[in-house]
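Two complexes, one shared chain (chain A), two partners (chain B, chain C).
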Partner chain A sequence: MMAKKSPWPLIAMALWVAALALAPVTLGNYEVRIAISIAMFTALALSWNIIGGFTGYPSFATAAFYGIGCYVGALAQRAGVPAALAWLAAAAFVGGVSFVLGAIVLRLKGHYFAIGSIALVDISRLVVSSWGEVTGGGNGLNVPLLEGRPPEVSALVLHVMLGIVVLAFLANVLTDRSRLGFGLRCIEQNEDAADMVGIDTTRYKIAAFVLSAIFPGAVGAVYASWVGYIDPTDSFDILTTVKVPVMAMLGGAGTLLGPVVGAVSFVLLEELFWANFLEWNRAIMGAIVVALIFFLPGGILKLDWRAILRRQPRRKAAERKAG
Partner chain B sequence: MSILELRNVSRAFGGIKAVNDVSFTLEEGEIVALIGPNGAGKTTLVNAITGVHTPTAGTVIFEGQDVTKQKPFQAARRGLARTFQIVQPFPKMTVLENVAASALFGGHPESLAEAHDHAARELDFVGLGHVAQSPASSLTLPNRKRLELAKSLAMSPKVLLLDEVNAGLNATEIDGALDLIRRIAARGVSILIIEHLMKVVLSLSSRVLVLHHGELIAEGPPQEMVHDRKVIEAYLGPKFAERFQKEMAGA
Partner chain C sequence: MGFEQILANGIVLGTLYACIAIGFSLVWGVLNVINMLHGSFIVLGGYLTYFAWAYTGVSPVLVLPVVAALLFGLGYGLQYLFINKVVSAPVLTTLTLTFGLDMILYNLMTVYFTATPRRVSMEFGRVEFLGVVMPVDRLIGMGLALALTALLFVVLRTSRIGRAIVAVRMDREAAALMGIKVNHIYAVTFGIAALMAGAAGSVFAMVFPVTTNLSGVFLGKAFVICVIGGLGGVSGALVGGLALGIIESFAGVLIGPQNAITIGFVLMLVLLIVRPQGLVGVKGYE
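The block that comes next holds the complex of A and B.
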């Protein structure tokens, strides 16, 4: 299984990242904004993939890591730390937090773990809202703006986000091809059996949880610098936490390119519905999600395109025979 | 030298003592059968030995070391392997990958390639070499049981706990399984086998332990155990046991 892997996912990913990176040169402000959104959610979905896809633990904690990242980055910058360092600090801090939280919530399995991970988002939000002296509470925090003209700032944010995407993707590739990934796949398929063949399941799960947390931490911090203002409801948004797994599953959870494809499709669809159906967009989005889960449980990448293309001629042939 | 020793091991679930004050030893290279009616606590005893359920009292000693508080993965790495009564494959992996996972995590391979080689050897040993590349979920029940065996063998175990590996097999398949277990024993692996089929117990084991209501009620050579009053009572109840023995004496 790990002997020879196809290089195509890596090549496809490199081309895609390069194309997005060129957006500020070739496209307008609106498109760059969408590109940033795509990059952000791609990084989040790729991170989720490690715990939710490879390990099979349906985590809804993404917004907790993202939100803590927002605040750590913002607070560090307000204390005078340069932006780049603040972003790294946010990633490191969130990594530490996820290590501690993971040791607690990863004792839960299945639905219980899902609920427990949602609770992490709410608890983090409550702590941040009530700890007014440090976090500004419900009033939110102003974050020092990045220097430069708006288009330059957008280009910078896009490129930093794409950098995180690349790192998150590499983390996926390495996990996929290593002993860690093999162990995580065993856990996903049968945790008791994994334990019984000598896998230290607790350690492996925590490793996956931490890997799935550090990139959202960094994304949150970069986002805070970009928008210049954060508050608890926006940072710890329950909708973010639900969207990210949906994206990964839409493309194909547990695959390398699935989260990438899923994030692009979802962001573009969402944008399309926002623009055209202002009042109904959430309902349409919801219907699409339900339909996808029913008809495409393995995600877009697991679709057997060849079978679909073949079906058409075969049906025609059958009709001819009958006639 | 005894390789596995249980000293007064108990495991309670709330007020129920599923395993109560069980002591026995397993000698190196020995095949011992553990029998008992349904619900006697046989699987719980295996779980207590391998750390799935830590014993609530008593000590488990493996190779002279106290391993009572071990976790299942530690048991596996030490060479204390088990099979499950209900087979537990990794369904989406191939048969070879299933066994390679055991070799990689439970054994001590130098590399992944070596783990694969080891896995392939064990598959040939249990007679599954021809389906190595099939998905584990496509196997028939007898072959799944063999896969379980290959997975535990890939960890190079010193002690193997077999939890009803023959349940659900037909007569021919059982003969094949018996031969396989003998060949495993010939490799120097000590075996504790949980079994309902007396044919298996009588033809394989040198000693039988009888568990009833969580307690060890008898221990001895298999031929003696099948005529032991307490054992017959445990299976049939005192009334039938009496009738049965009278009939046996008459015949």
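The block that comes next holds the complex of A and C.
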């Protein structure tokens, strides 16, 4: 039914992950920190891609999954669960939560779904900050530190994050090449029609929502172990929840490598501006978001690179092709 | 606190909420855009009022129209130059664009105004009526909020521009065929929304301290109120605002102020599922 897909995205991705994994050997502490950040946001953007890219549902719930993951991981570790198990537990718990929440909010469409998904972030934050006996409320929570010297810990965190990236990427690849992905693309184009031709849209959408939730849950738990302290404002940040879709769109939503390219570009740009224009950091990122909407609506991967390299406007190239 | 007192607090808060949400509702209903800038518009209005009052001593009630006019200009410009270019794109695009613009505005405000909470303090004392005690500045705020809401209602109902806005909301193509300049009407609508947000900020600064950190809170309130009331126009925002104000006021006493905010969001999610058109909204504005 479906044409054989090119193996190049997989090869490119394997090389990229391998390069990042070598960062602790070849580069300094600062670069390893950036590599962790890149891996984190790559995993988040790839996860978002399944619900936002393939299915076309404007989800802004990433920070809810990530934040719940932070707290479940932290609480499990405080209860004495080993770190690795705590991370898995966080992913599983967030998967269950997203299944229930998905069954509720995925009945909404368009603007209402967007608002509903943002509300999930707000509700999670409010519940966590008012449930003080368990979560420490606004004071936050200390998480047991990982054992080892700091460079070893960073290397471990980086490799675990990259493991999540690989899993999230494989989830994208498998979704892309299976019935699920085909159904999701149908839903993206016309949900009513997809329903008419026999696609169980509810089940497909919930599957996509859960897939987009478990990896952020794991990422949050690993992040909590790494930094050793979490609080509600940082864990359920509205900025994170919008940044992740922006990254996916920057690279190209709905493609395999788009979220990867977008996350790298965004994190590096952000790092550059944090370092040089601390006071104006937020405004510069805002300007980039605005520029993205106007000049790169399809993302970096959709650019016509050959036309740009030949220094000819795209329109001329298109005209020549047509004529 | 007695029942009447809690109810009165809720109603006062509710009118302020209505004023906060009305511009957001207008933009959503007419432009089909979720305006993430809304919270920052409110904070900007509050700050401008505060600084005008603090440096010149002019009464904030007189500053309000000036602030409103400035915000109208800002809103018109933003819509005409930026948002109009992508106004019919999917929600992901328009929401992200307004979020990007909000990041810029927010940054400008924190740099030039700093994030210190500021409040216009006017000592008017308080009044007591039927066992209910109410500070006079809150009553003035409530009066202003109601007056602004009523004014917008009249403008939408009777003026040429108001009828054009309603026409565009009903059917953009048909409105264009009737000779309405849709882009101009979009910009005017966004300008009016910014104006109402700025004026709401002015009113808010007279009653509560305002800081940039509140922009997200205001935006969240606008979400909740619009979903509770529905997008049918002025009445939806008024009903939604009053409902939220009264619910928060009672919930604050019964289960604590922190949980009261959660209740608002949970109520919104429930309503989204069972009645997406809101309490008084008209179906079909999705």
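Assume the second predicted complex is superposed on the first by the 308 of 323 C-alpha atoms of A that agree within 3 Å, B and C clash if a C-alpha of one lies under 4 Å from a C-alpha of the other, contacts with A are read in each partner's own complex, and residues count from 1 in each chain.
The rule is short, and it goes like this: a residue touches a chain if its C-beta (ideal position, glycine included) is under 8 Å from a C-beta of that chain, and two chains touch if they have at least 3 such contacts.
These numbers were taken from a predicted model, which means no experiment stands behind them.
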item: Side-by-side fit of chain B and chain C on chain A, or clash; value: fit
item: Chain B versus chain C as contact partner of A:Ile118, first or second or both or neither; value: second
item: First, second, both or neither for A:Glu279, with chain B first and chain C second; value: second
item: First, second, both or neither for A:Met196, with chain B first and chain C second; value: first
item: First, second, both or neither for A:Cys186, with chain B first and chain C second; value: first
item: Of chain C and chain B, partner touching more chain A residues; value: C
item: Which of chain B and chain C A:Val127 touches, first, second, both or neither; value: second
item: Nearest Cα pair across chain B and chain C, whole Å; value: 11
item: Chain A residues contacted in one complex by chain B, in the other by chain C; value: none
item: Of all residues in chain C, those that touch chain A in their complex; value: 28, 32, 34, 82, 85-86, 90-93, 95-97, 99-104, 106-108, 110-111, 216, 220, 223, 227, 256, 258-259, 261-262, 265-266, 268-269, 272-273, 276, 286
item: Chain A to chain B touching residues, read off their complex; value: 1-3, 179, 182-183, 185-186, 189-190, 192-201
item: Footprint of chain C on chain A - complex, ascending; value: 52, 56, 58, 60, 104-105, 107-112, 114-116, 118-120, 122-123, 126-127, 129-130, 238, 242, 245-246, 249, 279-283, 285-290, 292-294, 297
item: Sites on chain B touched by chain A in the complex; value: 50, 52, 71-73, 76-77, 81-82, 84, 88-94, 97, 100-102, 104-107, 112-113, 116, 151, 155
